[in-house]
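Per-chain numbering from 1; labels A, B, C and D assigned in written order.
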C-alpha cells in the first residue's frame, strides 16, 4: 500500500489568492493512500524542501504530490528534495495549480474545484508510480556551431579555449557574417573589421577549431551528447587544400557582371571570387549560376591562370557525417526586403538605400572606397533623410506583413550613421524621422544626444509618408508631429532602417534540430529569463540574433554564455538518461515488429528468446527489447503495439488511465 | 441622433476603428495628400476621437477635405485606418438635421461641361445624406 | 469567354470613349461582355461607415444579377470597380453586412459573394494575357513614353483589391509594354488626383492633380493613361497648357489593335 | 466544492504534449490569458503517446469533450510523433462519430510552446462548442454511476 504525502504551495499570493489552498489540502486528505497533507507558503524555498524531507521520514511516505507551479519550473527541485529525503526521485508528481489554474481563473470557487481535481489526478498517478533508475550515456566531446558570424566565432573560440574540439559550419564561402559588412560599431565608433578580423584569424589558426565554409547542415540524428550531423559541403569548384588565395583568377575571370552580395549588389564581382580581402578561409569560389565554363563548357580561364592547379570543374557536393555532443545555432539575421514599402521609392531610385547598404557606402573597402556618393550619379549628397522603423513595430494584421517586434538595433546604428556623416561631411544636412528613439544600453543615450547636440543632426518626431524621385532629387513628404506640420524636404538620399528578421535557413534548421521557434521564426529559449541560451531541446544552444534582435555586445555576451553551457555539457563523461523510457513485456509481445517501424531512434530490436511453456517445454519466440540508452521516451511504440506489450515508464497506460478517471469522476 | 451628443462610442461603432492600436508615428499625416487643406490632420483625428474630443471635429471643415484615397488606410503600420474615423465623424455630422454640406441647389453654379457624372454622385454621397 | 459587364454612369455619357474602345477590343480578343440589364449607379464611392447598408444595395443587386447570369462581373471605371469589389468582399466576409443586405433585398436567392469582380485590366492580364495582346498589335506605340496613372481606387485598399502591389504596381506598365510603348515609372502614379473635391473646390483638386502631372512630366512621360473618368477630368483640368495628353488606356489598346477609326471621338 | 448554479459545465480532458502545448498552456498562464476551468490537462511526452483507448476511457467515464494538442507538423520533438497522432485520431474520431459521439467533441490541435494566446483561444472555442452540444451520454459506462 502506498503512503502518499501531499504538499500544497501558496506561492505567496500567486496561488493562494485564487485557490483556497487549505481546502485543497483538506480535500487531498480524504483521497485513498494519502497519509499526510499540508499547505505551505513557498514549497520551493529551502524550508519548503526541508518539509518534504522531514515528512518523508516522519510518515514513511512512498510517494509525494506537490501542488505548485508548472513541473517545467520546479519538478527537478522537488525530485531532488525527495531523493534527499530517501525517496526514489521518480515517486514525485506535480499538480500544476499555478500556470494551469490560479493564473488563468479569476473566480475562487471554480479555481479551487479545479485545483482539487488536478490534485486527485496527480495522487491517482503517483499511486501507480514505480521507482525508476536512470541509466547513463556517453558524451561525444565535440561541439558543432552552425553559423560563422560574430556569434558563432565567439562561441567556437570560447569552447576551443576550454580544450574541446569544435566545428563551425558556415553557408557562405567565408566566415565573418554581418559584422564583416559593417563599417563602424556603436557607441565607441571603432572599426568593425579591426575587431572582427583578428577573431576570424584566431578561429582559423586554433587547432581545436575546424571551419566548414560554403557548407550546410543537411541532417541531424541522435540526441544530447550523441548527435550525428550530416554536413553538406557545397561544391566550390576550387580545391581548398591547393588554393593559395592569390586572387589571380578573380582578376582574370571574364565574367564581370555578377552582383556582389558582399556589397549588397552596389557593385559587381567576377564569377570566381573571394568575398572580401580578409576572408577566412581565403579561398576562391566559383559561382555556378554565372560561370560560363560550368554553364556551357566554354572558358576555363581561371584554370589556365591558376599555377596551383586548384580549379576543379568536376567537383560535386560532398556529404560527411560527424558526431557531436552539443550543437549551437548561431544563424543570425537579415534585414527584411523593403519592396512592400515602395511609398519610400526603394525600387524606383538607386538613391533610396537600406541602412546596411549605407554601411557599405561609408566603408573604405566598399564600392565607393569610403567616399559617400549617391549610387545614381556618384555625386556627393547634401541632404540625407533617415527613416526609422521600416517594417518594425507593425500590428499583426498590417497589410505589409511587417514585424510586430522592435528591431532594437536601428535607433543606434542610425544615430551612428547620422553622426559619422556629419563628422565627415559637415556640409550635409541630416534628418532622422523617428517614432521613438530607443537607446537602452551603456553609453547609448549619451551617444544619441551627441548626435543631436554635438553634430547637429535634425531629429524629427514623425514619419515619412511618401518619397517622390523627381529631377534628380528625392521629394520627401513627412510629418513633424511636434511642429504640427507636413514637411517637404528635397533630399539627395533616403536611408531606410529596415526591420531585421531571422535568417531564412533558421526555420528548416529548427526542424532538423527539433528545436522550437516563435511565430517570428526566432529560436525559443528554454526559459525566457533563467535559461536564455538553451533551447528546450536538450543539447541544442542558442547564440546571437537567431534568438532575438541583438547588437554586437549582447551577441558576444550570449555567445560566451552559450559556450559555457556547451563546456558544462562536454565536461561530463556521461549524461544521466531520461528513465521514462519504453519497455516491452516479453510475455505479451507477439513479435510483430510494428513498434520497431515507428521508433524514430531505432531503439527497438528483435531477438529470439527461449521461453518455458506451461507444458514444461521450451519455445523460441521473437520478442522486442528496448535499448534504454537510445530510447527518448516519446511513446509512439506503446500505442502502435497491438498486444499491449509496450508501455512507457513514468507515463504508463495505467497511470494515464488513472488520471483520466480522476478528472472525469 | 440629437444635436450635441455625438460621443466617442458612436464614432468607434460607426467606423469600426480601434484607436488604441495607434502608436503615434504620424505616417497617416505624412502620407495624406489633403494635409495642407486640413485643420485637424489624420493622426489628430485618431487622438481626438480617443480622447472623446468629438465636437471640435464635427465643427471642423477638415471633414470635407478628406479625399478617401485610402493612402492612410494602406500605409498605417498598425491598421488603425484613420480615413474610417473621418468618414464616421462626417456621417455623424451630416446625419444631423439640416447639416448637409452640399445641396442640390448649389449644383448648377459649379457645373462645368466636362465634369463627369461620377464626380457629382461621389460628392453627394460624401457631403450629404 | 463570357462575362457580365457593369459600365457605370459615366461610361454611358462623358466617358463614352472608355467604354466603346473597351468593347471593341474585347471582341477582337475573344471576350464577350454582356452588359447587365437594368444596372444602377454604384454610388461612386464606397461607404466607409460600417452602419451604411442602403448605399451598398445597388452594388449588391449588380453582383447578384451577375451571379444569376452565371458569369463573373467585369468593370472598367476605377470607381465602380473599387465600390463593387469592396462590397463583394463585405458580402463574403462580413456576416452583419451580408445578412442586413440580404434582408433588405429579399431576393429569391441570397447573395453571398459567389462571383468575382474583375477589372478589365485583370482580364487582359490573366485571361487574355499581355503576350497574346502583343501578338495582335498592328500599330505599336514604339518609342512613346507613357506614364501609367493608377490613382488611388484601382489599388487601394490593397488587402481587398488585390489587383497588384499597391505601392509598386506593374499591371498598367506591362500593358504599356504589350502595346509597344515604354512605361515611365513615377512616384505619384498611385497618389490621389483630387477626386470628388473638384465639385466643391476646383483649386484644391487642381493642385493635387498638378503634382501628379508635374512628377510624370519630370520623369519623362509624354502621355498619361488612366482607367478613371474623374482622374482624367482632374488631370486635364490642372493641365491647362496640355503639356501631357491624358487618355483612357482602352483608347490606346484599340488604337494599337487597329480598331480606332478616323471618325471616332 | 460545487458551483451554486445548475448551468451545465462540460468536463474536458486535454492531452498536451510536454514540449509544445503543455508549455503553451504554461505560457497562457504566465500571460494570464483566461480559459474555462472545465479544461483539465494531462501531460504526455508526445501527442503520439495518446492511446485511442485513453480517449474512449474518458468518454466512458463521462467526459464531454477530449482535445489532443501536439506540435505543429514538422516540429515534433521526436521528429514524427505528431503525424502518428494525427493519423490515429482521424481514424478514431470517425469511429466515434459512427458511435454517435459528435465530431465536435473531439479535436486535434497544433499549439507550439510560443503560442499561449492560441492555446487559450483554442480552449475557449472548444469549451464553447462542447457546452453547446450539452452533456455527452452516448458512451457512458453505467457501472461507474453511483
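Heads up, the rule we're going with is that a contact is a pair of C-beta atoms (placed from the backbone, for glycine too) under 8 Å apart; a residue touches a chain by one contact, two chains touch by 3 or more.
As the structure is a prediction and not an experimental result, all values here were calculated from the model.
Among the chain pairings, A-D comes first (most C-beta pairs in contact). In this assembly, the C-alpha centroid of subunit C lies 51 Å from the C-alpha centroid of subunit D. Between subunit A and subunit C the centroid-to-centroid distance comes to 48 Å (mean Cα coordinates, whole Å).
Separating the CA-averaged centres of subunit B and subunit C is a span of 24 Å. Centres computed as Cα averages put subunit A at a distance of 30 Å from subunit D. Shown for subunit D are the residues that touch two or more other chains, of which there are none. Listed for subunit C are residues 157-159, 166-167, 191, each touching two or more other chains.
Across the assembly, subunit A contributes residues 343, 399, 466 that each touch 2 or more other chains.
In summary, the structure contains touching chain pairs A-B, A-C, A-D, B-C. Within the complex, the subunit C residues that touch subunit A are 157-159, 165-168, 185-188, 191, 214-215, 218-219.
Subunit D meets subunit A in the complex at residues 1-4, 11, 13, 19-20, 22-23, 25-26, 28-30, 32-35, 37, 40-46, 48-54, 57-58, 61-63, 71, 74-81, 84, 88, 112-115, 120. Touching subunit B in their complex are the following residues of subunit C: 8-10, 13-15, 41, 43-52, 55, 77, 79, 152-153, 156-159, 166-167, 191-192, 194-200, 204, 208, 229-230, 232-233, 236-237.
Of all residues in subunit B, only 21, 23-32, 35-36, 41, 43, 71, 74-79 touch subunit A in the complex they form.
Against subunit D, the residues of subunit A that register as touching in their complex are 23, 70-72, 96, 98-101, 103-107, 109-114, 116-118, 121, 510-511, 514, 516-519, 524, 536-537, 580, 598, 600, 632-636, 638-640, 648, 651, 653, 656-657, 659-661, 663-665.
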